[in-house]
Every structure is written in C-alpha cells, then in structure tokens.
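Right after this note come the structures.
What follows is a pair of complexes built around subunit A, which joins subunit B in one and subunit C in the other.
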Partner chain A sequence: MSFTFPAIYNFPPFFTQQPTADTWSRQRALWVQLVLSYCASHRLFLVDLNELSVSPLFTNASISRSLNRKAIDAVFEDIVAAGNGEWEDKKSRSRCFVWWKRPDEWAALIYAWASDNGQKICTVYEIVEGDVTEGLEFHGLHIDAVKRVLEVLVRQGRGQLFYGSSDTDMGIKFA
Partner chain B sequence: MRKRGIQGLTHQHAVKSQLERVGNELNQQQLEQLKGQLALFKQNLEQFSIKYKNEIRSNPQFRAHFQSMCTSIGVDPLASNKGFWAELLGVGDFYYELAVQIAEICLATRERNGGLIDLQDLKGHLSKMRGSKAQKISDEDIAQAVKSMATLGSGFEIIKFGSRKMVQSQPRELNTDYETVMTVAQDTGYITVAGAAASLSWDVDRVEHVLTRLLQDGVCWTDQQVHPPQFWVASFFSDF
Partner chain C sequence: MDAFKPVLDLVHAISTLDFQAFTAALLRVLDALFRMFLSVDWRMQVVIVISVLVTVRMTMSIARTTLRTAWWGVKACALLIALVKQPPKITQHDRAILDLKVQRDKIKKYQKKLAQVAESETRIAKSHLAKGDKRRALLALKKKKYQESLIEKADMQLLNLEQMTDTIEFALIERDILEGLKQGNTVLKEIHKEMNVEAVQQLMDDTADAIAYQNEIDEILGGKLSDADMEDIEEELEALVAAEFAAMPKIPENQLPSAQIDLELPDVPAQEPSEPIQERRQKQKVKAQEEPMLAS
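Moving on to the complex of A and B:
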C-alpha cells in the first residue's frame, strides 16, 4: 500500500519541536493529521510508539530528519485528547489505539452491516476475520479495538456482549 | 522698413494685441479639440469595453492592459461596483469578490505561514477555491484586489523580497532588517545565523534579534537537526 506523505513531510523544521508555543501547537496539529492519515492508510489500529517512532512516519530518510520521542509523545497526547486515540497502557503510555475512525463510527458501520445482512449473533472473530466481512472496512480491525467498539454498541442499547472461553469467542447479540 | 516715433509704438502695440488674440483663439481651439478627442476616446473605450466584455472578464492579461489603459485617462471601471462602468461590464464585483477570497485564504493559512503567503501559492489556493470555470486570475488582479483592501486599513499589503512577492495579511513592522534577512533566505528557503551575518556583514546579534522575532511571529521555523541550526521561512516552502 502506498501512502503519499504531505508536502510538509519534506520541510526539515517540521521534525524539530518549534520553540514558539503557537507554532509548536500548529505543528502538533499538522502531525496529528499526518499520524491519523498514515495509520488509516496502513490500517494500523493499535500502535506501539517504540516501533512507530522508528518507522517512516516519524523519520524522513530522504532529508535525514526524525521527530524525537518527546515530541512524538506530545503529538499522541493531542491525539488522545481529541478522542482519536486511547492508551492501551495508561501508565507507561507506549501502546495506543489510533481511532482514525472513532469507535462510534466503527460501531455504526458494524451495526449497519449486521442489520443489512440479518446478522443476529456474531463472534468477534467472525466480525473482524470471518469470510462474511471480507472486503469490508472493519475487516481486520484489531481484536482489542473491536472489543471497545462493541462496548459502544452495548452502551447504545444496540447489542449485548457474551463471553466464551477466549477473546475470539467473545461475541455480540445485536438488538 | 521700420516705422519710427509715436506711430511706430502704436503699431507695435496693435501687432502685439492681435498676436495675443490669435494665440488665445488657438489655445481655445486646441482645448476644444482635446476635449473632443477625450470624449471620443471615452466613447470608444466604452464601445471597446462592451465589445470585449467577455474577453475582459476571462483573460487576465487582456484585463490588465485594459485596466492600465483606463487608469491613464482617469477612469477605473473595474475597481468599483457602482456607476455605469459596472453596469456596462458587470465586472464591478470582480475585485470585491477576489479581495474577499484573498482575505479568506490569508486567514486560513495564517496559522501556518504567520501571515505571509507567497503570491504564487495564493494564486494556487485561489484557483482551487474559485473552481475551474471561474475567470483566470493574474498577479495584477491580486495586486489590484490587495490594493483595494489596503484602504480598509486591514494591514493587507504586497511585499517584495528580492524577486519574490508575498501577500502580508498581518500588520507587521517589517523594518528593513526583517526584509533584508528574508531576502537572503529566498534562494535556498533557509538561512543560518552565521551565513546571514556573513553575507550581510552584520553582527551576529543583529541577525539573531531578527530571527528571534521571525520565530515568534511564526514566519520562520527552525531546524535544529543540523549544525549550525537553520531557519526556514515557512511561506517560502510552497505547498506547505
């Protein structure tokens, strides 16, 4: 899958935290946009910042610039604050769900699919890995991410969770 | 043969006043003629502008020529949406519209460029905003629209840095130091403190002072992953 980086990715100072507070906040907003579109394009749902920080997202090899970890952390704080991310590990803050579609958007997609296809009961495995959802946008959604999405449906009164012996056995009864 | 005495003086006086009369008549005639020519010119200009109405609206180069022709005889058909020129051509709103669009783009991009946008970038944004069916916009059109905004005291202005033209939307006392430093930056897009000091024969302090201010205004971004650190003019980086 090819991802086209925005032009600012080739602007060397983009990789240095700007000393002026206003500029830095604009810079973070641009990084947030980039992270979300990068993750959407690569269909990344749960990212490990240790891995991501050395990926092309934060390192532009062609101009030999990379964003340092402190700045990356700040960008992710913004992503989480905006509701586009959620720490998997709140304490160490190294693994983060990236909601390039928010949980309620995913929930709406899954619910629409279930109603359109008369699906009453599905396991998590069927939803994200099953043949029936092949080619759909939420196919391949991270198993831990989809659990959070299904919880949204429960809160909306659109489903009820049931638990099996393992994570993938877990499922939802659509209402 | 020359006449002498009283008779001679009287004659000279008569000749002089006759010459004056003839001179006045000539002046008067010339004035009438000029007035007539000007009226004819205006009339022709009207006919011309009606005939080429579409051309004026759609061709930026043509529009610029027409505009300068009109300015030279003291009429400004495109600058106002009142009066019969506007009714005649239906172009009065053109610069008004353009000015509003320019203002919108400047405000929308101010966050990124600190209120300075390259004229060419602005043109790109404008054509995107106006769509493919709209009239093409020339540099002169933008200059005209910006000029019309300047009378509002809104701080809109076109500034030149060397060969580069920028539209400034935020009043900034760009004293010549700022301009000078940015002119040095315009070829490569960035400068270093030492580099600028050397090429301008300035104190390092003077350059640093200017750069600090440009950083504060968001006009410059710094790249600290290189030694010595570089200072980039955000708006010189197109497609920012």
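Moving on to the complex of A and C:
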C-alpha cells in the first residue's frame, strides 16, 4: 500500500518545532492530519511512539530530516485532545490508539454488520479476524482497539461483553 | 407607593413573559436605584457599594455550589438512563455458544500456527537439500506432512464445533418461534374467552328480538297513520287536486272550425282540345275568378 505524503512533507522546516506559537500550533495541526491519514492508509490502530518515531512518517530520508521525540509527543497530545487518539496507558504514554475513525463510528459499523447478519453472539476474535468479516472495513482492527470500540456499544446499551468459562476470551452479545 | 411602580412593572413583565416590557422596566428600576444612590450621603454610598459587592460574591459562590449540584444531578440522570437502557442479559446458553465459538477461534489460531510451521519445514527441507543433507530434508518433510495431517484433523474438529454451534443457535431460534406461537395462542384464547359460542348465540337472538321489536314499533306507528289519518290525508289530497283544477285554464267547449279544402280537380278532358292553348288558358283564368275562394 503506497501512501503519498503531502507536499509539506518535503519542506525541511516542517520537521523543526517553529518558535512562534501560532506557527507551531498550525504546524501541529498539519502533523495531526498527516498522522491520521498515514495511520488510516496503513491501517494502524495501536502505534508505539518509539517505533513510529523512526518510521517514514516522522523521518523523511530524502531531505534527511526527522521530527524529534518532544515534538512527536506534542503532536500526539493534540491527537488525544481532539478525541482521535487514546493512550493505551495514560501514565507511560508510549502506545496510543489512533482513531482515524472514531470509536463510535467503528461501533456503528460493527453493530450494523451484526444486526444485518443476525449475529447474536460473537467472539471478539471472530469480529476482527474471522472469515465472516473478511473484506469488511473493521476486519483487521487491533484486538485491543476493538475491545474499546465494543465498550462503546455496551455504553449505548446495544451489546454486552462477557466471558465464557475461560477468563481470557471475551465475547459480545448484540442487542 | 410611587417609588415601587417600576418594580411592579418589572414583576408584571416577568409574569406576562413580555421581553420588551421586561427590559424597559428593568432599565427604569435601575434608573430609580441609581437616582436613589446619588441622592444619599457619600458614606451611605460606600456602604451600599460594599454590601452590593458582598452580595454578588455570595451569590456567585452559591451559584457555583448550585452548578455543582446540578452537575451531580445530570450525572445521576445519565446513570438512571443507563440503568433503564439495560444491555441484553447473558444467559447460560449464551455462555455455551461463546465457549464453542472460542474453541473454534482457538482451533483456527492453531491451524494458522500449524500452517506457518509447515511452511517453515518446507524451507528447512529446501535448505538441507541445498546443503546435500538428504536425511534431514526428509525429516523436515515428514514433519511438514505431520503438521498437515494435524491441520486436517483440526478441520474435522472445526466442522464438529460449527455444527454444534449451528444446532444450538437453530434450537434457540426454534424456541423463540415456539414462544411466539405460544403467545399468539394465549391471545387467541383470551379473545375466544371474550366471545364464546353461547354468548354469540345469545347476542344473535337478542339482535333478532330487537329487530322484531323495532318492526313492531314500525307497524304500530305505521298503523296509526293509516287508520286515523289516512282519510284526512286523502281528503286533503282531493282538495289539493281540486284547487289545481280550478287554477288551470278552461277547456274550450265549442269545436274548433274545421279547415276544409276542396280537393275536387277538373276531369281530364276526353276529346282533343279544339281551341289553341292560349285561348284555353284565358278561359280557365276567367273561370277561376268566377269561383268562390274556399281555400282562403
């Protein structure tokens, strides 16, 4: 899957935190957009900031520039603040769910699929990896990400998460 | 009393929900207050300013508490709504189905792993073959075969599991159908209870009785008319007819003069005319003038 970076990606100052507050916030907004579209294109759901900082997203080899870690953290703070991200662990802040589709959008997609196909009880694994969802948009969703999505459904009263006889494999009953 | 008039206006505006009147009244109240403020002694003014500030401060703190309380109220409401909007209950059947599905997922994962191992065994066999170690290559291929047989076995298990899940799910659907039929049956029974055969028979008899009664009434009413009033009615009708006749123009008694036309035509002459035609015409004209004009 090829991802075409925007023109600004080849602009060296884009990779340096700009001193003017206004410019810096504008720059962050552009980075947020870039991160979201990059993750959507590569279907990344849970990103490790350490890994991502050395990925082509934050490192442009052709102009030998990369965004430093502090700036990356700031960009991700913005993503989380906008509701397009969620720290896996709020304290360590090393891994972040990237909601390029918001959890409620995913939840709506999954619920629509379940009600259209008369699915009553599904394992979480089945929803994201099963043969029945092959080719659907939420197929391949990260297993931890989908759990958070399903929690949205529980809050909406459209489903109930539960365990079988083992405590490891979760399932959902759709309303 | 005059000093309170703006206040009364204000109260009236609030009670009638008239916004324009409200703003006007408010301005007048503020104006009056400002005048009063200007008219008093400066010490009094200082006291008033301080007391107003204190009041505002207190109101704000109260408002903050109120807001916090309101926030808790909102949260409590949300909780209540969440309780009302209860998610589906998990039954023992659901758990059983989930267990089966979990087992199926596990087998699928296991198969994926086996497929990967089999692939790597092929790679190992190839590399051994490249090194010329035929024995090890064979071993790797044996392992691969074994993995593949395991995958096949797992497939059978998968089939079993899926059949089981399907059977349970279908049984649940059947149970739902039965439940639906039962409910329908109960409703039907209740409706029948309300209209048993005897009641219907009774109702039909009653209706027949009522119809007969109505007929009787009709007869009585109809009979009364024909007996007592029919003669009157007939008389009235005759009188009406007579009056009609009187109003009409009289039929003439003497006969109309009959219009008789003498259709007697002269005979065709038997002999040849001896006179020339001109002469004869002349004669005929004279004859016609002599005859009386009966037709006119």
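We take it that the second predicted complex is superposed on the first by the 170 of 175 C-alpha atoms of A that agree within 3 Å, B and C clash if a C-alpha of one lies under 4 Å from a C-alpha of the other, contacts with A are read in each partner's own complex, and residues count from 1 in each chain.
Keep this in mind: a residue touches a chain if its C-beta (ideal position, glycine included) is under 8 Å from a C-beta of that chain, and two chains touch if they have at least 3 such contacts.
Predicted model, so just to flag it, every value in this text is computed and none were measured.
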item: Contacts of A:157 with subunit B and subunit C, given as first, second, both or neither; value: second
item: Subunit B versus subunit C as contact partner of A:20, first or second or both or neither; value: first
item: Touching partner for A:125 - first (subunit B), second (subunit C), both, neither; value: second
item: First (subunit B), second (subunit C), both or neither touched by A:165; value: second
item: Which of subunit B and subunit C A:173 touches, first, second, both or neither; value: second
item: Which superposed partner A:41 touches (first subunit B, second subunit C, both, neither); value: neither
item: Per-residue touch tally on subunit A - higher for subunit B or for subunit C; value: C
item: Doubly contacted subunit A residues - partners subunit C and subunit B; value: none
item: Subunit A-facing residues of subunit B, complex; value: 111-112, 114, 190, 215-216, 218, 221-226, 230, 232, 234, 237-240
item: Contacting residues of subunit A [partner subunit C, same complex]; value: 120-123, 125-126, 129-130, 154-160, 162-166, 169, 171, 173-175
item: Subunit C residues within the subunit A interface of the complex; value: 82, 85-90, 94-99, 101-102, 105-106, 108-109, 169
item: List of subunit A residues in touch with subunit B within their complex; value: 7-8, 11-16, 18-20, 22-23, 26-27, 30, 64-66
